[in-house]
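These notes are about the structure you will find just below.
The letters A, B, C and D name the chains in turn, as written, and every chain counts its residues from 1.
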């Protein structure tokens, strides 16, 4: 995914998404950060630590899902005018490999941006040094509110 | 869901599930507790607080999903012999109402317990005093490891 | 599920759903029939035959899904005023057992009927004589059009 | 998706998949054909006709799902040794646009081929002349039997 360029539009878009992200208490609790914002695509990072694990010490599917859900929602929001909110209607996620790594990258990519509903694909990758392993894949439906 | 009776089997079952639950660092981080354990059904509670919210101050879908995923997984585990683990293959969740309340109750109920795969239904209810509102409904597939 | 009583309202509801069902060419092609209509719940039957099978001779997941999708959609439509249509936004289905039997019963049951979106649960049961086996379980999101 | 080359391996792969496809009575009933077979990717075509419609005359979601499910299943099967079967564990499908066109193309693409479980992505495109519109997107889990 492209890093955000320094062009004014890209900065404004990132600022708008970051303002909402920073109000998500759960992201702060988990230690997640907004890593990249582009039109139709958002990436969120989650470092590994004992506070995000399941019983075997992997990242918990709930932590994986939380950053995937936020990455998908913000990807949808990038394509909407200011003053709009999106809410998750539903999503489906496959956990395809044990989520083990230094951090997770959750990338949401818009497949369809509609007037009422949007459909987003997300992928979560476990990263250790140069090694990248896909650990989750999913599809999400979102509804636009206001705007 | 029936509260756990004091019969030895019920105590042993609860102890087995609790031993695994207590190793899930994410549940501690979120403040979730194992509220009830019965064969084929588990309930997890999550109190409201600023650390589990999305941008509008509701419970974040990721927090809702995390306790739903754990409730579903432990419901499946109650029907398996000691020494078995279950991992989430995939799940699907609909967020059916804003998740606003004093706490959430996530209830996982086994629909099918197979040799390899189990299918679980989960429901998450927002509770404020005597008021109970369903806020999420989903279905989960789990795979048995070892045992 | 209750059979439709002969009360005028029940007859009118059934007639409204049947008028739409009869325009679904796929239901005729498969040989499916509208078996029962009640507020919030619809049942569709599909007899077994060589034209609805997969490679092992079971009912094809596509045939199972087709009647589940229609049963769910019509269940949602029963709770809406005349002149309304519903379209499937998405669904998720688990195939929980080989679909073998004299016929399938697909039962759609509304979980939430909203202004814009409805959420429906469906179950498909394979029937042979008195034997009934659940072969599929799912959850569906629908959007209301017009009305 | 690449058309099948004339190399012996490609012919053998196609013949193996076609032998199973030809035993799926539902595909014959719907008029679907096996359009392309490659390792990890299969395409199935379904011409439009009054026998595959819903109440508004579009392709029925059940017809769309049936070819998507088969395309996904056969995509998974291409990566497995002879004598193996795959069965659909579950899938999720979003219907993203009205399915209107001369024919549908359902393309299944393997995301992960595991020892027990595989995960496949599918897309269904409505085609009219040179116009191609995505009408459905989904994700499927399959289990390997025998082989």
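Throughout what follows, a contact is a pair of C-beta atoms (placed from the backbone, for glycine too) under 8 Å apart; a residue touches a chain by one contact, two chains touch by 3 or more.
Just so it is clear, the structure is predicted and the values come from calculations on it, not from any experiment.
S.K.: Of all the other chains, whose mean CA position lies farthest from chain A?
M.R.: Here the answer is chain C, farthest from chain A.
S.K.: Using the stated contact rule, I'd like to know whether C-D or B-C comes out ahead in C-beta pair count.
M.R.: So, comparing the two chain pairs, more contacts are at C-D.
S.K.: Using CA atom averages as chain centres, what separation in Å is found between chain B and chain C?
M.R.: Measuring from centre to centre gives 29 Å for this pair.
S.K.: For chain B versus chain D, what separation do you get between their C-alpha means, in angstrom?
M.R.: Measuring from centre to centre gives 35 Å for this pair.
S.K.: Round to the nearest whole Å and give the separation of the Cα centres of chain C and chain D.
M.R.: It comes to 23 Å between the two C-alpha centres.
S.K.: Counting only residues that touch at least 2 other chains, which ones in chain A make the list?
M.R.: 89-90, 92, 94, 141
S.K.: Touch graph across the chains, line, ring, star, complete or other?
M.R.: Here the contact pattern is complete, since every chain touches every other one.
S.K.: Show me the residue ranges of chain C that touch chain D in the complex, using the header's touch definition.
M.R.: 20-21, 23-26, 28-30, 49-56, 60-63, 65-67, 69-70, 85, 87-95, 98
S.K.: Show which residues of chain D lie in contact with chain B when the two form their complex.
M.R.: Counting only chain D, the residues touching chain B are 89-90, 92, 116-117, 141, 143.
S.K.: Considering only the defined contacts, which chain B positions touch chain C in the complex?
M.R.: Chain B residues touching chain C: 92, 94, 96-97, 111-112, 119, 121, 134, 137-139, 141.
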